[in-house]
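Following are the structures in question.
Consider the two complexes below, in which chain A is the common component and chain B and chain C are the respective partners.
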Partner chain A sequence: MEGVAMKLPSFKTLSPTPISVASTFSIRRSFSFARRSSSLSAATITADSEPVSLGHRARKDFRILHQEVNGSKLVYLDSAATSQKPAAVLEALQTYYEFYNSNVHRGIHYLSAKATDEFELARKKVARFINASDSREIVFTRNATEAINLVAYSWGLSNLKPGDEVILTVAEHHSCIVPWQIVSQKTGAVLKFVTLNEDETPDIDMLREMISEKTKLVAVHHVSNVLASSLPIEEIVVWAHEVGAKVLVDACQSVPHMVVDVQKLNADFLVASSHKMCGPTGIGFLYGKSDLLLAMPPFLGGGEMISDVFLDHSTYAEPPSRFEAGTPAIGEAIALGAACDYLSDIGMPKIHEYEVELAKYLYETLASVPDVRIYGPRPSESVQRAALCSFNVEGLHPTDLATFLDQQHGVAIRSGHHCAQPLHRYLGVNASARASLYFYNTKEDVDSFIVALADTVSFFNSFK
Partner chain B sequence: MAASISSSCCVSSLRLIPFKRTFFSSVNPPSKNLILRPIPSFLRTIVTFQKIPTGIVSPLPASSSPSSSVDLQPIEELPPKLQEIVKLFQSVQEPKAKYEQLLFYGKNLKPLDSRFKTRENKVEGCVSQVWVRAFFDEERNVVYEADSDSVLTKGLAALLVNGLSGRPVTEILRVTPDFAVLLGLQQSLTPSRNNGFLNMLKLMQKKALSLEVKAEEGTSESTTDEASVVEVDLESKPPSVVEVEESESVSNVVALGSRGMRIREKLEKELNPVELEVEDVSYQHAGHAAVRGSAGADGETHFNLRVVSDAFQGKSLVKRHRMVYDLLQEELQSGLHALSIVAKTPAEV
Partner chain C sequence: MNSSSLNVLASPPLISTLTPTLKAFHRINFSSKLSKRIRCMHDPSINLNFGSRSNPKHDFPVSLATAFVEAPLGTTTTTSADKLHLLVSEFRSLTEPIDRVKRLLSYATALAPLDDSARVPANRVTGCTTQVWLEIKVDELGRMRFKADSDSEISKGFCSCLIWILDGAKPEEVMGVSGEDLSEMNVGVHGKVQSRVNTWHNVLMSMQKRTMALVGDADVEHREGDRSEPHPHNLLFDYVNGRSYVESSSKVDRDYSISLLPLGYDFTI
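Up next is the complex of A and B:
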């Protein structure tokens, strides 16, 4: 019994109250193992005596995982690039378009009121997901990259002066390097980069020393998409605030995989992408503290973000609308809300716990393959790695590796620089291969990967 | 159904059609029997297939469009060695064996000296690094050398090198990427920058063309019975990769500037041509170093000339070109960088 996107019966008339539409579908939903945790636990009870792992249970909600590619079962190990979407999220998107698609914030009529409600509800869900105190601190963007650009152009251009310093690490994703390069060129600010220590993690001591009165912004990742290491954001925020600097957290690889509490972290800005957390592409968000957003000038201009428009000037709306010009990705935002629900139903602590175990298993089995070099820190008591491994095999180009794995074994990994060219340059390699997991992967997936990897290595070795 | 590698990182992608799906299931039984013979080692496979004369492998009927309705370039239009390679790959059905064949080619590829691993020789759009070098042999056939740090890409490069090396420019330019489909290596043929294989072929063709253009301009450096080599102060700085558009036949009509007008006048006056075409193609070369540094940087640096005149009667090609250059000496010394000349007599047209 797999959770598939079911074709909903066509309703000719919509019931007057918004809630009833949802309740009509809830009956169907409980049959798909997707949403309610109660149904999940029901599955466990009726299963065999052996406890079924989260991965096995969750897989049922992801139809895309049950296919063959190139004659082998698909083993999807590229969730750090983009995650797969459960049936519930797809349903939410479909439902929006089928039943209440309408432009938001503008109309008076029933459909548009409903769409607006659901859109704003999604905003609240995202706020709740990261424990923001107010949903007005969530700005919907196209993705995390756009969110960072928003901060760079809006906050950066009006706050950075010549000689001001922005601290980054060499391990940042391009989206958290390039916008700062552009803005620093325009403002005369200086970029400083924290390098790695011998554990192949960004050097925290170096970071601490770099922070000075000249520092205006520290923009760093929470979890690295290559090294699998995490940064102690809470401490970094304390150090930064001591000198009056702001902190922007790139949480693309953390929000989908663990509890992220922006109030606890006390970060000034935080960005994430929907498509990495079981949501659709085309939507992401910026979290910004209210007082910061209030002081920021607009990023893009147009409808929605204005208050009054005259020919020679306009006045602007309050945040978050101020930063949401034009018609938003309404369906996508609602589907992102559904993704937040889906993940919360399982429970982020549970997901994280499962992934920590899987991460260890991946690292250990991968490290046991001869000639494999994994980047990033070794997992230990004090160091927890994310469930991904970027690696190289001695004498084998990652592209060859990934191609063969895909062609002969149906294993999908990524090869390249993973949008972290400076990091690869720092590590002294052109490219690396990367296998990344999510809660719908299982131990068997890792086993299949390792077997396939061994076969690949021996194939290419026979040609040496 | 196989998901393509996302374009956020460029990849030289290589796909194989799984055995069941291949449209060469219509291949005659003799080849099939060949495949089913137990093959003890990888190397043996390769050696076996190399011994097969092309007679056994049934040649594809001309312009066969099997399952797809796409019209592929007929195999006969390919250079002979490339045809052989295509047929060889067609005879190898099993995907893994195709890989082995590919790797074997790559292994036997002559290594490229590191001094040729320059930016100009690098193939764009590959995460793996690929370099291609091209030069003329004595008979003005193009010789290629290539290298890559990825063995699969090296295999593909070797395919192209083996298939295209030693052939004249026109033949090389005629090759379309269609043959990649015939190989059964399901190379994505979308001309995006992510396509390493396509870009390799394009670069090789571009280099072949630029060799030809250079040779036309500077007249042949080869020792012919024309003892006198025209001394033209053209390539004082060697041009970098010629920025030729994909379809070389595209001619953007550019109004002639002052130099273009002067050239036209001079040639008309001195050669009394029946036909005269002066085309300013400087924009195609706007990138490379010589243009940027040229004095008299009015941007008019490269021209295509087509002259039909009785004045060329009885003169060799070299002598005709020399005549034109002599007439345009002044321009050549004041910023005109290169000419591509077609010089004919009225009878030859």
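Up next is the complex of A and C:
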């Protein structure tokens, strides 16, 4: 057993590979092994005497950022679409497959027991990351979209009646609009949409007024992936609970970037995707309050979610297993756990603090470029923007802009509707460009982007 | 017509790529007049207006398309396939991506304007991340006439090229252009696999689908019976996701035909 611990993955990692350190850990405590390896790199980082920014320090863990595209250095400004993964997360995934890959939950043999331990440990890590009180409140899904669909089909279909109201905003991601449209068609529930105020943020007063006795669910984002605004979830939950409505929080853009405490928010449901928080694709989670999950019928049927199966009926397992049919994405869940460790080691408050600064810098430099229109609220004392900017340049289509930025400058941004077509229609545009940052971006990245943007604008202007 | 203005066509890549493709033309009704003109291309002093009664005053340095966009469609014997190959060669000779973008943008300025009345949802080309409107008519000689516009300059450039190739073509010529032919001209789309941002493909598919609808199955089938080339209805197969030929040409009320899978990608195992 001890011998297996010696054999570490042979691929090169950026953080110092703690080969000598690992030999002192047994495979039983591989959780602490994983923690140690990432904290070792963190310890090495903080030992540096130069006051480099978090971005510069973190970049070392992300090999993918150190490449050239189309002859220029890659400047990755698309983290709101998906984040990059640090070496520790990739290592965790590799280690799973190399040393203890096995199906979980019902196996008897050693590898299966080990895989089950690690899988459930990952669940605990996610629960701890969002401060859930019990890890059984975490349901692993494929991504946040599937998590919302789970709530829609499982909770929605059995709780919504004709005339019931579901409150959304026009700024929601499609994944938090379409499932409710489907469910409202099936149940006769009515969807109501909160529009934006003059600061280009969802109108909270309107939301408050909309909540009535008929409201059964309020499903809103925490941080908008286009407007960079955030909603006061705690207050919204208070208003919703007063009328007996539930609240679902789409935390895809908040969990990766700031401290999210589900007990403090007191939300009934919360969803997030792993791939936006330095974890692999193919896994996400739903947080649901225990009593709610207990009352919900299954979503997908199959193995793992059953208690007993007969030919004419079956009985179902307790949550979270009830909602996890089939073999889960075991390695991915474990890697998500490693991502939670990595982020926690840096510290979410520190990440958030760094990003607030970067967000201000991005907004200010982008706003200084002529003919640029940034969507969402202006940053101020009371308004903090997320570290992303959706914008349009007068007379230049965002797709042309993004194409040129990529081709000539290696700058990766996103153009299109960012899965928020209703929002773009409301704003009166067809598409926008979006630059989004994460803690591994630096001020230099923003500078490169602005220089490239100015070059692009002048290039297209020369053809007018 | 000075020789410097013909530098686009006289560049070595164009000539070398044309020779092999001439062999590919043997199955197409290749008029002898055209072969004479190809030979003449080696001689920079000869006028390069392929059969159309275009205005010799037009400047070549801007692009091939400018010379032809305003040309009245007379008795041209240049097929769309020929024009396509010319355009492909022209783009192939531009090795720097920025030169391709510049060329596309200059083609965009040459695009004939589209009436506001044509900017209706029925004319929208679906599946593009930019807005593209395509107006299509059949003229009194049974040829397809196209007009297009877009809110993106690069997309306008694509449309301008496609229209230069296909405006005034016979319906079966329109059907005969395949997506792979266009992959050479990809600007900003990496590799051969076309992604959802590929406007070329979407506009071409739209042109072909609507040509089918306007002209009607019977006519096109009859005319295509003579050709021994791969049946162009395969293109419609791909576009409408494997539905049968008969079904695909009938009017479809609900358009489920947008696919986010790479267009033109070979999914067969």
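The rule is simple: the second predicted complex is superposed on the first by the 415 of 464 C-alpha atoms of A that agree within 3 Å, B and C clash if a C-alpha of one lies under 4 Å from a C-alpha of the other, contacts with A are read in each partner's own complex, and residues count from 1 in each chain.
One rule holds for everything that comes next: a contact is a pair of C-beta atoms (placed from the backbone, for glycine too) under 8 Å apart; a residue touches a chain by one contact, two chains touch by 3 or more.
Not measured: the values here are computed from a predicted model.
*Asks:* Looking at the superposed three-chain arrangement on chain A, would you call chain B and chain C a clash or a fit?
*Replies:* clash
*Asks:* For A:Ala81, select first, second, both or neither according to whether it touches chain B, chain C, the two together, or no partner.
*Replies:* first
*Asks:* So, A:Phe449: does it touch chain B (first), chain C (second), both, or neither?
*Replies:* Once the two structures are laid over each other on A, A:Phe449 reaches no partner at all.
*Asks:* Quick one: chain B or chain C, who's touching more of chain A?
*Replies:* B
*Asks:* By the touch definition at the top of the document, which applies to A:Tyr96: first (chain B), second (chain C), both, or neither?
*Replies:* neither
*Asks:* Tell me the contact category for A:Gln67 with respect to chain B and chain C: first, second, both or neither.
*Replies:* first
*Asks:* Return first, second, both or neither, reflecting whether A:Phe119 touches chain B, chain C, both chains, or no partner chain.
*Replies:* Touch partners of A:Phe119: none, neither chain B nor chain C.
*Asks:* Check whether A:His418 is in contact with chain B, with chain C, with both or with neither, and answer first, second, both or neither.
*Replies:* Touch partner of A:His418: chain B, not chain C.
*Asks:* Taking the two structures together, which residues of chain A meet both chain B and chain C?
*Replies:* 70, 396-397, 399-400, 403-404, 406-408, 415-416, 430-431, 460, 463
*Asks:* For the complex, give me every residue of chain A touching chain B.
*Replies:* 67, 69-71, 81-82, 396-400, 402-404, 406-408, 412, 414-419, 430-431, 459-460, 462-463
*Asks:* Touching residues of chain A toward chain C in the complex: what are they?
*Replies:* Touch list, chain A to chain C: 70, 396-397, 399-400, 403-404, 406-408, 415-416, 430-431, 460, 463.
*Asks:* Could you list, by residue number, the parts of chain C that touch chain A in their complex?
*Replies:* Touch list, chain C to chain A: 97-98, 101-102, 105-106, 108-109, 129-131, 150-155, 187-188, 197.
*Asks:* Flag every residue of chain B that touches chain A in the complex, lowest number first.
*Replies:* 1-3, 5-6, 8-16, 18, 20, 42, 95-96, 99-100, 103-104, 107, 127-129, 149-153
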